[in-house]
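One structure is given here, and the rest of the page talks about it.
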Amino acid sequence: MQLDTVAIAAADPDRDQPWRELGLKEDEYARIREILGRRPTSSELAMYSVMWSEHCSYKSSKVHLKQFGDLPQETPLGKTLAGIGENAGVIDVGQGYAVTFKVESHNHPSYVEPYQGAATGVGGIVRDILAMGARPVAVMDPLRFGPLDAPDTHRVLPGVVAGVGGYGNCLGLPNIGGEVVFDESYLGNPLVNALCVGVLRHEDLHLAKASGVGNQVILYGARTGGDGIGGVSVLASETFSEGGPTKRPSVQVGDPFMEKLLIECTLEVFAAGLVAGIQDLGGAGLSCATSELASAGDGGMHVELDRVPLRDSTLAPEEILMSESQERMMAVVEPDDVEAFLAICAKWEVEAVVIGEVTDGDRLEIDWHGERVVDVPPRTVAHEGPTYHRPFERPAGQDALQADAAERLPRPTSGAELRSTLLRLVASPNLCDRSWVTDQYDRYVQGNTVLAQPSDSGMIRVDEETNLGVAVSTDCNGRFALLDPYAGAQLALLESYRNVSTGGATPLAISDCLNFGSPEDPAVMWQFAEACRGLKDACAELGIPVTGGNVSLYNQTGETAILPTPVVAVLGVIDDVTRRTPTGFQTSGERVFLLGETREELSGSEWAHVVHGHVGGLPPRADVAAEQALSRLLVEGVGFLTSAHDLSDGGLAQALAESCLRNDVGAAVALGGDAFVALFSESAARALVTVRPGDTDRLVALAQEHGVPLTPLGETGGAVLAVEGQFDIPLTELREAWTGTLPAAMG
Amino acid sequence: MRVGVVTFPGSLDDVDARRAVRLAGHEAVALWHGDHDLQGVDAVVLPGGFSYGDYLRCGAIARFAPVMTEVVDAARGGMPVLGICNGFQILCESHLLPGALIRNDHRKFGCLDQRLVIENDKTAWTSSYDAGQEVTIVLKNGEGSYVADQRTLDALEAEGRVVARYADGNPNGSQRAIAGVTNEAGNVVGLMPHPEHAVEALCGPGTDGLGFFTSLVEKSPVQR
Amino acid sequence: MARVVVDVMPKPEILDPQGKAVHGALPRLGFDGVVDVRQGKRFELEIDGEATEERLAEVRRMAETLLSNPVIEDYSVTVPEPDEGQR
Amino acid sequence: MARVVVDVMPKPEILDPQGKAVHGALPRLGFDGVVDVRQGKRFELEIDGEATEERLAEVRRMAETLLSNPVIEDYSVTVPEPDEGQR
């Protein structure tokens, strides 16, 4: 097997190289040659090809993501401590604490191997959070699958859920929320997004850069195997003259135990002050870690690749550079601290090796057994990849789609029909009880979980003395985004914002995971551009930043793209978690109110989807100002609001059902106007709240102060959900309908 | 009292257990799996988690940790030892308690607020309860199904060594719905459910679990 | 009545956290000289009738579709010697 | 370098939820005539040197103390035919 070195590249400049097989475009390959002033070595070619891929370089999306960076990097509590571009954004939550959170996708791997794909998805996002110097404190998992009755969903869903649980549970991270959504468009393309929240003290913030000439570069964690290097094998097969490369894994297997050790070990080296810079190894493995650390730092970097501990001794340097083996981290450590660093790794039985050092040059130099195989300006690999301005265009069919409004569809008329419609909807896959999924997740570990499923948001206590806490929710309705990507993305953000507010937390920032189809389709690119614009405008108006996120493109089966799915996570802060507002009715004899305005908005609704299999029309109005007013009310109402639940999918009917079933407390309500619209419209900026009879006036006053429409609905109590003049449903019957669906389907 | 909580690689609920110990009015002492040293504690908790990943068999590898030599000796000498979930599995693997814990009959990880009946209120860890008392405590595990041969089971029943039993249905296929057992002396208790997750109303299903930690008294019954 | 055994092992190139954990534990228990450990699954099937070629072909289909995950595992089907069956 | 295999199976009297689940799934997948299924573990050990009696005795101790739990499992140690080793 013959090694391709810088010397050889210079000596033999015209050897033709498999840049096309590696996914590079002709002009990209030309640019690499221009940057280097020669042809790249096969190792350099490997690095550039993987770092310039869509996944790592965001080449199709970054022109649109740029606008998030233009937003003021400031939350209602002050400047962000780290913003977009870092592994994850970090925001100040007061009392000297900072919080970092990020949501990422692991869609395709989870389709190929549901358990391992989902598991390694959780592992990846946790390392991102860890790399900021934070202790991971919770995870969430927004999931999307094909129809519940589709055979492949029975392969994918149980595996994904077991994988999310198997990995997260084993790390000791409480799962405090997520989503389970079913839609035809996800059948060949499930969405497995994973979110992690981490907490740190301001002074513990660590950034991914390699500075300080002479500082040592340490690779620690799992050994490097041939994981996830399918693409580069064309290089390997060139490198291995005889008979092509040995077999390479098609999927990666996660080792949560190793990750748990990595967490504890990393937090201990942080605490001991032994870390000058740090980076997790995720997509693009060492290529990414070395080039990004060097690029962000003030010097260059020299690496001796043959020092990397291998799981498979047959790996070629190109493969080692591209390997995506899990559970690895890279730290930059001052020479005097190396011994102490290695000692802590040894204590946790984590393998750690010095593989290089920071140099005073401005190059990234990588040697293989003394021969130079990489000599590049790191910025050109990590941060100066190609940028595409892909054409985008509003699809021809969009007008027709928006004209086909669900408001025209036949509706239930009698009370009896409303009753059966409600029962049918609460039992439908997107609205039914999620316990079959969430019971497989540990929501108690660490002992700081204040709210978790089925609450609107997950809430974590940050400080046991002061009871400072944070709340997070993730949401997205892909049908809304299909009908109007701009409004749909805003509605995703606003629902998540609302879900954080109902618990009594003040929303501070968002992270997003933008799941879309192929950017090469101008219609998809238009959806993407519109969604980004929508998020940016809503954030600007709400005064909250986008602290980071992730883009997942090419989510389609053949020609058909998934519903545009901009999942938005909102993080909020609450000064005293003991005062949070619970989700769902608590006791009898309390007054029930609806906050916000109900319009006749049924297009894209769960009702239209379930009853008529219909998607068309315009989504509910995204009224950012109304949403902000509602949020302020909910936050100021902390202490006398005895419960609050947001209205979203399924409208008031679903909110009433969930609120009754939370603690088996019934309610008797009266609806003004059209009972059907009142029950099933999905107008945004609404919430269902309760107060003690004596506090009614306080609520009225608060609603007036914030200009939020307030509608008295009735009173809690009894074992029945009663809608005056329409129907009664015993809670036992309601619960049966709501809880039966997933267990029946999944067994 | 000084109560040690052992941390193995992969332990997860050690911090929670130390919190529970403190809330019960004791001093929590962190013990390390690699030390042959109990730091003079008066009682030991083996917490929940996935020691060494529990890929082989839950508790199978942790059982051989250096600190376990001391724990086993201390337990034989009458020191109160509580194994929670993974800790229970470790106690069984160490033969301090009879039987074993296998995969749940539904073959999924399950996290529930579980009703239990405390059946033995004489052990070092249950004296705060009354026999027959019903409590709600978090149950979370993938391998929590208690098994032993019939003779052992009959003996456990006859000698009143079933400490807690699942109520309102058997969540994992445990034989005779056994949730926890004790040794002859009553100082060593293994429990599948997690009392340390039921010590604060704010972050769990009530405070029914606190009793396991308040039960510890200077002279625990068995040392009489 | 015949016994057929299906062994399912992680593919060699795939990470095997379970085998790794066992391998890591051995020295601590004073066992040396073990270079590598892989952990897989063993299924013992009792089938009626003889272990004919058809039946074995069927078992292989079983192994491929249900007992193993072809993405990360290899399987092998064997008919043990009667005595080996006794445990 | 020699390969030694340790098979660990649940004792007949101990219930085996996984084997039971597999057995239950077979008919649904159109596989009939399987009377019983037990699921256990298979460990493949690479040891240096020959698989001498001493080494095998050591592996047996390993199987007894670590790889199996005598309360619920039986084990057997075998040295596979070279070819059987290949997967």
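So that you can tell them apart, the chains are marked A, B, C and D in the order they are listed, and the count of residues begins at 1 in each.
Rule of thumb we're sticking to: a contact is a pair of C-beta atoms (placed from the backbone, for glycine too) under 8 Å apart; a residue touches a chain by one contact, two chains touch by 3 or more.
If you're wondering where the values come from, they're calculated on a predicted model, not measured in any experiment.
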Two candidates, A-B and B-C; the one with more touching C-beta pairs is A-B
Chain-centre distance (mean CA atoms) for chain A and chain C, in whole Å, is 38
Cα centre of chain B to Cα centre of chain C, whole Å, reads 34
Rounded to the nearest Å, the gap separating the Cα centres of chain C and chain D is 7
Within chain C, the set of residues that touch 2 or more other chains is 12, 17, 21-22, 24-25, 29, 39
Going by residue number, chain A touches two or more other chains at 255-258, 349
Note: chain B residues in touch with at least two other chains are 52-53, 55-56, 61, 64
Touching pairs here come out as A-B, A-C, B-C, B-D, C-D
In the complex, the residues of chain B that touch chain A are 9-10, 12-13, 15-16, 19, 34, 49-50, 52-55, 108-112, 138, 140, 142, 194, 196-197, 200, 202-204
Listed in rising order, chain C residues that touch chain A in their complex are 10-17, 20-21, 24, 69, 71-72
The residues of chain A that touch chain C in their complex are 112-113, 116, 222, 225-227, 246-258, 311-312, 325-326, 349
Contacts from chain B onto chain D in the complex sit at residues 56-57, 60-61, 64, 92-93, 98-100, 102-107, 145, 147-149, 173
The chain C residues in contact with chain B across the complex are 17-18, 21-22, 24-25, 28-29, 39
